[in-house]
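Each chain carries a letter (A, B, C, D, E and F) given by its place in the written order, and its residues are counted from 1.
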Amino acid sequence: MSPHLVVAPILLPLLAGLLLLVLGTRRVQVQRWIGTLACLGGIALAGALALQADDGGTRVYLVGNWAAHLGIALVADRLAAIMLLATALLALPCLVFAAGGWDRRAPHFHVFFQFQLMGLNGAFLTGDLFNLFVFFEVLLIASYGLLLSGGRGLQMRSGLQYVAFNITASTLFLVALGFIYGLTGALNMAELAHRVGQVPAAEAAPLKAAAGLLLVVFCAKAALLPLYFWLPETYARSPAAVAAMFAIMTKLGVYAVLRVFSLVFGAEAGALAGLAWPWLLPLGAATLVLATLGALAAPSLRLLAAYLVLGSAATLFIALGLASADAVGAGLYYLVHSTLVGGALFLLADLVRKQRDNAGDSLRKFDRLGPKALLGSLFLLAALSVAGLPPLSGFIGKFSLLAAVPEAHVAWLWPVLLGTGVLTLIALAGAGSHVFWREGGEVPAAGRVPALRRAEVGATIALLALGVLLAVAGGPALRYAQDAGAQLMSPAGYIEQVRGALPRPGVSP
Amino acid sequence: MSALMEILVCAMLLLGGGFALVGSWGLAKLGDFYLRLHGPTKASTLGVGGVLIAAMLWQLVQGQPSLRELLITLFLFMTAPVSAHLLAKAALALDPASRPADPK
Amino acid sequence: MKAWFPAPLLSLAVFVVWLLLAATLDPAHLLLAAVLAVLLPLAAQRLRGESAGIRRPLLAVRLGLRVLGDIVMSNLEVAGRILGRESKIHPGFVWIPLEITNPHGIAALAGIITMTPGTLSAELAPDGRHLLVHCFHLDDAAATIAQIKQRYESPLREIFP
Amino acid sequence: MIETCLDITLGLFALAMLLNLFRLLRGPTLPDRILALDTLYVNTIALLVLVGLRQGSTIHFEAAVVIAMLGFVGTVVLSKFVIRRDIIE
Amino acid sequence: MELALSSFIGVLVAGGVYLLLRARSFDVILGLTLLSYAVNLLIFSMGRLVVGKPPIVAEGLAPTLANHADPLPQALVLTAIVISFAMTAVLLVVAIRSRGESRTDHVDGDEPRPGDGP
Amino acid sequence: MLEALLAIPFVLALAIGLLPRERRRTAAWLAGLAPVAGLVLLALLTPPVLSGEGVRSLTEWVPTLGLAVSLRLDGLAWMFAGLVLAIGGLIVLYARYYLSEEDSMPRFFCFLLLFMGSMLGLVVAGNLILMAVFWELTSVSSFLLIGFWNHRSDAREGARMALAITGTGGLALLGGVVLLGRIAGSYELDVVLAAGPQILASPWYPAALGLVLLAVFTKSAQFPFQFWLPHAMAAPTPVSAYLHSATMVKAGVFLLARLHPALAGSDLFFYVVSGIGAVTLLVGSWHAIFQHDIKGLLAYSTISHLGLITLLFGLSTPMAVVAGLFHIINHATFKASLFMAAGIIDHETGTRDMRRLGGLFKLMPYTGALAIIASLAMAGVPLLNGFLSKEMFFTEALEVEGHQFMRWGVAAAAVLAGAFGVAYSLRFVDDTFFGPGPLRIETTPHEPPRWMRIPVEVLVVVCLAVGIVPALTIAPVLHAAATGVLGDDVPAYSLAIWHGLNVPLMMSLFGLAAGIALYFGIKRLIDLYGISYDSLGRRVFEWKTDRAIAWAGRLTATLENGSLQRYLGLMVLAALVMGATPFLAASLSPGGSQPMPPLGWLVWAVGVAATLATVALHRHRLLALVVMGAVGLAVSLAFLLLSAPDLALTQLLVEMVTIALMLLALNYLPEESPVERSRLRRWRDAAIALAAGGGTAALVHAAITRPLDTVATEMLALSLPEGGGTNVVNVILVDIRGFDTLGEITVFGVAGLIVHALLRHVRLRPERVVDGTPDPLLIPNLVARLLLPLALAVSLYLFLRGHNLPGGGFIAGLVLAVPMLLQYVLSGTDYVEQRLGFDYPRVIGLGLAAALLTGLGSWLLGYPYMTSHTDYVAVPLLGKLPLASAMAFDTGVYLVVAAGTLLMLGMMGSVRAPGARRGG
């Protein structure tokens, strides 16, 4: 396959985005086609990369033909492939959902959407710490656009908080980056891993501090206690397709923790090895508990979904905190699952909101719901999956995580995992019973409630179907994830391959 | 020749620095805004101009003649009056009482 | 010619500015400067209203030199006053009636008044016929008005008819 | 001799800038502070040229040109805000 | 010199953080601006402090760190400046829109009621 | 074939689920097909099962987890599968006539078949995890069934309660089986069952047992979890008949039987299981007497019978196991028929309240007779199946080993429960079919349709047949099931009706007599009708969930109070903690410093003083903004003095645009910040800020006084030969790390688009409007217009030489944008845009395209993206000119920056006040 495959997932959405800009905003149908084609292309590229990465290799792409430690190296391994694929698979349904009408109301929606994909893909592919920051910013600014464009009222307020919070986090990111460069003299992560490993224990404190700041930044993006409080309301107030895309945004923070702290401060890091894990396990568990309580008390379907997404990120942190290949593998499987299902829940909540004339997606008010059977079945499917009930992907994820908990932690971690599962189940049963069973009020007059849009329903079904597929193909999928986990937990190969990658000779002025 | 030039350069430098300092001194010392406005907007400009001339002369002495500092002078002399003018307008806008009545 | 150089003086300025920036008389840069001297004023033309249209360039140069001299001289005077006792300064506003009508001329006058120390043009009256000038030290308003009109306004009226 | 002169001139400008700083912090009126900032910018131009001469490099030239050409923009927008509040009407 | 620069950065951070924790959107933006100054200086300083040796290579001057300042942090700061400028612009617009929608510039979208604790 | 057996109900459920609501008959026929086909398949599979070898099949699912679709049909599974299918078939037939026109038949049968399939899956699962999977599926599908009449609040609540309780059990089961699998080394049932001794010896045994038992007790409604079951009676009666006779609640005791070889054999198992069983037996049967709702009575009876079965499995002797299995079958038959009878009565009279019923035997003698026979079986009257298993139970109760208390307790419980059982059976018969009544009934009850009665008849016939000729009917089934649990240890037992006049028989007779006496005694002594039990368990459950939800809500609201200040404060605090922690154990020695150049102090003084003044003045926003300008200047000067001319230029220019943007925004914001009320908060924030500042300063100082070995060394060396430029910063920006720049201009362009999206057509009320028409600002205007072409020249110049000297696309773009800003300020948006109406978003797109395509060019030459290429092109007259691809990339930067900045400024400037007309 072409070596350029590694950079293509970044360039494709950029191309689509600038085409959308150059062609102008007038014909929305053209925009939808460009966006859809780009998303389809993204799926193909991610799939090809995933197949390619399954040989266990680490593909290094030297952008600008500069050696990795000087320029920017893109790196495609199993982890990157998983993240790309999850993003691509989530993106297409979200775009289709938005094409159900929201994209007309939000200026530049399609442009922002493509740039967000560019940022996400870039973040997953880059092997350079500062470049990671840049792609974080690309996807963040695009997410501001997606969140705010077409918004009004309280959306602006939560948008303000979201933007301010993230800018602060980015500022901290820069501080951490500055220190890391100032203490090691490099930015490429493999190079950093090599250099960090040589820092003597007596000199490690400043670097540990820098790494700690980095951890704070990533945890703020991934919404870990005590930095998650902004998330539920922001997500709940976002347009559905955007909120659904946000299901991958928290995962981005998780990804960054996993990548950086398994590679740069991982097994090869000498005095700094395993820096993050002791923090993640208890904080992840605490976040999971609080998120589940939030879900239990959520007054609306969208808030419920937001808390569940939050809880899924926390579950991932638990998996990372266990820092074993199996646990990380379980976490990665769970990551894909929770991304797809979390996204589906947001879309579904929006479908319900539109179909309930007065009550919206409230879990306090009640109202008639038109197409109950369809939405109810979809909700049931999503709820089962997200609560970790069999036989769907959530179950496999949760079970594989339970199985990966070492005996030393079983006594406290299992009750947390299982107990939050029970509470989630209660919360979802309550919500489902309220929305789909407890009806009241008048049958809305014809025309008051819009008909379900085929694009929107189809997108929701597609996401859920992907979740089912993930369960059916649980064997190979989990195997892939666990291989990725093993690859991450022994980063020596990655470091060697990236540092050893040579620019192609012969071109120079 | 070169010694003379050097003295000239020094004179221009010190003259420029002196004007700039006087202008800024006026800014710091004087009691009325419109008075303060006079000092820096002109004295400083002239002071900077002196330095720029000194610089050109010095580069001439060094055998690397350059007129680029003229450019700085040009832009400074174009823009400084605008600043002063607008600041005066701003002060008048903030304190309409200080503005004399319209003519006739 | 007019189509290519709507503002010849501006074109000249661009040409000179470029060469000053590049600090070279390289043929390549001369050519580039010439091209820019055509293009940039044309581009800026879209924003500008009518162009200045200077009539008597020599007079303009003389005026420029006079202004330079005035700047130095009156700077000395103002510097003295700043360093002296503040109570001896008698500042004041004065309206200067204008005879010049060309807006470029008015702008140039205002600029000159501001650049020369001791005076500062603060406002153009709403009727466009008076310039409000603040004087650092105003002994005799009528004399100041006369001096400004004679030294600066009348040459400007010739330069910007 | 020229070096001493340069140092003295640098000192004069530095002193001038400290006086500007005083006015900037002191006020009392808003135009005072804007004026002080404007003067700081203008004095900075000289400072750059002097440092360039002192170091024998032309590397600060661009900064000086840009400040001379555009340094007044801050003053313009701030004054416009004081006058009209809406700086772009 | 190092002490002076790090203390300047410290003052910027302290001022920035204090303003960041204020309740009004504009104050927060001022705080973020101060913080971005601090961050720019911080990253820049990580290339160590060098006077009068810009990272512009020239003939006759060996292209080494002995003769030139570290160019890499400078490039990083340029990127950071641009990005933080873009972010500031967005935040400003969101702030005025938020104020337009809720008639308050409090970052929480509500004027605090008397008796609200911290 | 086993897979087919399992798949049939699910496939048909899906098919039925897709039917439209009106297709009632199709739904019923399809639903009936499932159990019939299932029974046929089961019959075909019977020979190997009876021969003892069983049937197995294995399909991999998630091999790395040991999760496989492993199916295993042994005697136990076969017996249960038969029960599930046979009774399921009867239920389908019954429901076909039971459901009314308002009920959606496709939906009902879809749920029912889902449940049936889940139950089948549970019993044939050969893998512990798969078992847990189907276990949870039964919880979910029963939730749907119980909540079928979801317009009724009792149905919704009952369903949720059942799901909460049994779902919890399911997750516990998952934990338990994972533990078992860890101990045994596999989740395959064959392995686990063979690992009994190993499991008992493991330190994890108590935990595993506890988790599994939690699942068993919740599902089988054992004390203290029994309360969900009566509330599940809100379900349609066919559902109750199915779930609470043969299936759902039997799943618990099935599990007990299934895992018996692996878990039983310890004292812990013995005491806990039989103890809970005994208590449930008594509590259930006692409560049953006082129910007024027929289904309530049957529900408590079910609880009690499940207690009995649990008790038997707890006793753990082979004979007790046989008895338990036997009672499972018997209870299924008589209880299913009784529920169906109750449904018929409800159907005909419109009530199930025994206080209103009575005398029905006259009106519907046939149904009455069936119900009475079934009740007698329930009461354990001889010649009926219930009697036989009860006899076995009594026999076992007398032979309990272990603690004395246990021996006497079990025996006493057996007798007492026997008596209670007789009493409530009697009450059912007496209160429903005899005595006064029915009261306040709207229609005259009569016999139900013939097809609705058939299921009851079949089951009653089974009761009789088993009760009279057990050896001919049930013996092989029981034997097969017992072999499935006990393997070769199946004891010798006799299924005769008459074992002589022994103690168990005496106990039976005593129980019978005592029960009759009890019923009539109670009836005389206390007003049965007046007693009304409010379920304590339910009260506790609801109180607890309500309290928990309310508490969770309060906690959430307390944590997430919507305050950005708190969120940001926490982030700063987290950073402080993480930054400080490493230094708790280490100290830092400061490195060497360089002397301070004199001008440095000037810059330091300006910067620090202006920063402090900005903070001090921050409430007066405009003042703070002006003072902050000096901070920016100081930062730029620091860059200049410290050899970073590009940075200084960029900082200066960005500063100008930022101030303009802030002023534009300030027009729509209050001029001052109000004083914050809380002094405490200000001090606290100040402390945090000082800590952050101090910590940062210390860390910076520590870092920059240390030697650094940086990759930049190579960059300096390679800049000219490889990057083709002498300005190394620019070479890094457009070449070495050009990918960063690509991202950076994307950010910039998107920021412009956001401003565009947020301000297009938006009207905002300015904070204050200055009266009068705008001043034309004639003088500045003319200067600005003169300046513009000159600034353009400077901008181009900075752009062209950026690769070698300070400058470059970004700086040049801003040098273009700032004088344009001046035009906007001095001439107004309308004026500028009418003359220079660029489509800025499109220009941003073009800039990005330039950057993207330049990078792509290297693909054609076979090099990675963005490989720069510099060539010297000979041009006549001009000589050789360098043409670097990096320059083309920088053009993109130039365009995006200029267009983005102008888009932001233009949009900010074009906001109108509400009601203002455009151009005003």
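One rule holds for everything that comes next: a residue touches a chain if its C-beta (ideal position, glycine included) is under 8 Å from a C-beta of that chain, and two chains touch if they have at least 3 such contacts.
Since the model is a prediction, treat every value here as computed from it, not as a measurement.
Peer 1: Once the contact rule is applied, which chains count as partners of both chain A and chain D?
Peer 2: Both-contact set = E, F.
Peer 1: Hopping along touching chains only, can you work out the least number of steps from chain B to chain F?
Peer 2: The distance in steps between these two chains is 1.
Peer 1: Suppose every chain is reduced to the average of its Cα atoms; which one is closest to the average of all protein Cα atoms?
Peer 2: When every chain is reduced to its C-alpha mean, the one closest to the whole-protein mean is A.
Peer 1: Tell me, please, which chain's centre (mean of its C-alpha atoms) is farthest from the centre of chain F?
Peer 2: The most remote chain is C.
Peer 1: Once you count every C-beta pair in contact for both, which comes out on top, B-C or A-F?
Peer 2: A-F
Peer 1: Quick one: report the Å distance separating chain D from chain E, using the average Cα coordinate of each chain.
Peer 2: Distance between chain centres, rounded to whole Å: 22 Å.
Peer 1: Would you kindly tell me how far, in whole Å, the mean C-alpha position of chain F lies from that of chain C?
Peer 2: About 75 Å separates the centre of chain C from that of chain F.
Peer 1: If you average the CA atoms of chain A and of chain C, how many Å lie between those two points?
Peer 2: About 61 Å, centre to centre.
Peer 1: Roughly how far is chain A from chain E, going centre to centre by Cα mean, in whole Å?
Peer 2: Result: the chain centres lie 28 Å from each other.
Peer 1: Out of chain C, which residues touch more than one other chain, so two or more?
Peer 2: 17, 21, 110-111, 121
Peer 1: Check each residue of chain E and list the ones that touch at least two other chains.
Peer 2: 20, 25, 28, 42, 45-47, 52, 54, 56, 72, 76, 79, 83, 86-88, 90, 94-95, 97, 100, 107-109
Peer 1: Going through chain A residue by residue, note those that touch at least 2 other chains and give them in order.
Peer 2: Counting only residues that touch two or more other chains, chain A contributes 130, 134, 137, 141, 144, 148, 160-161, 164, 168, 175, 179, 181-182, 187.
Peer 1: Which pairs of chains touch one another in this structure?
Peer 2: Chains touch in the following pairs: A-E, A-F, B-C, B-D, B-F, C-F, D-E, D-F, E-F.
Peer 1: So in the complex, which bits of chain A are touching chain F?
Peer 2: Those in contact with chain F are residues 3-4, 7, 11, 14-15, 17-22, 24-25, 61-67, 69-72, 106-108, 111-112, 115, 118-119, 122, 130-131, 134-135, 137-138, 141-142, 144-145, 148-150, 160-161, 164-165, 168-169, 172, 175, 179, 181-183, 185-188, 191, 202, 204-206, 208-210, 212-213, 215-216, 219-220, 226-227, 229-230, 232-233, 290, 293-294, 296-297, 299, 373, 377, 380, 384, 388-391, 395-396, 399-400, 402-403, 410, 414, 418, 421-422, 425-426, 429-430, 433, 436-439, 474-475, 478-479, 482, 504, 507-509.
Peer 1: What residues on chain D touch chain F, complex-wise?
Peer 2: Residues 10-11, 14, 17-18, 21, 24-25, 27, 30, 33-34, 37, 40-41, 44, 47-48, 51, 59-60, 62-63, 65-67, 69-71, 73-74, 76-78, 80-89.
Peer 1: Please give the residue numbers of chain B that touch chain D in the complex, ascending.
Peer 2: Going through chain B, the ones touching chain D are 6, 9-10, 13-14, 16-18, 20-21, 23-25, 27-28, 33, 36-37, 40-41, 44-45, 47-48, 51-52, 55, 58, 66, 68-69, 71-73, 75-76, 79-80, 82-83, 86-87, 89-91, 93-95.
Peer 1: Can you list the chain B residues touching chain F in their complex?
Peer 2: Touching chain F: residues 75, 78-79, 81-82, 85-86, 89, 93 of chain B.
Peer 1: Taking the touch rule as given, give the residues of chain F at its contact with chain D in the complex, in rising order.
Peer 2: 598-599, 602, 605-606, 609-610, 613, 622-623, 625-627, 629-630, 633, 636-637, 640-641, 645, 648-649, 652-653, 655-656, 659-660, 663-664, 666-667, 766-770, 774-775, 777, 780, 787, 790-791, 794, 798, 805-807, 815, 818-819, 821-822, 824-826, 828-829, 905-906, 908-910
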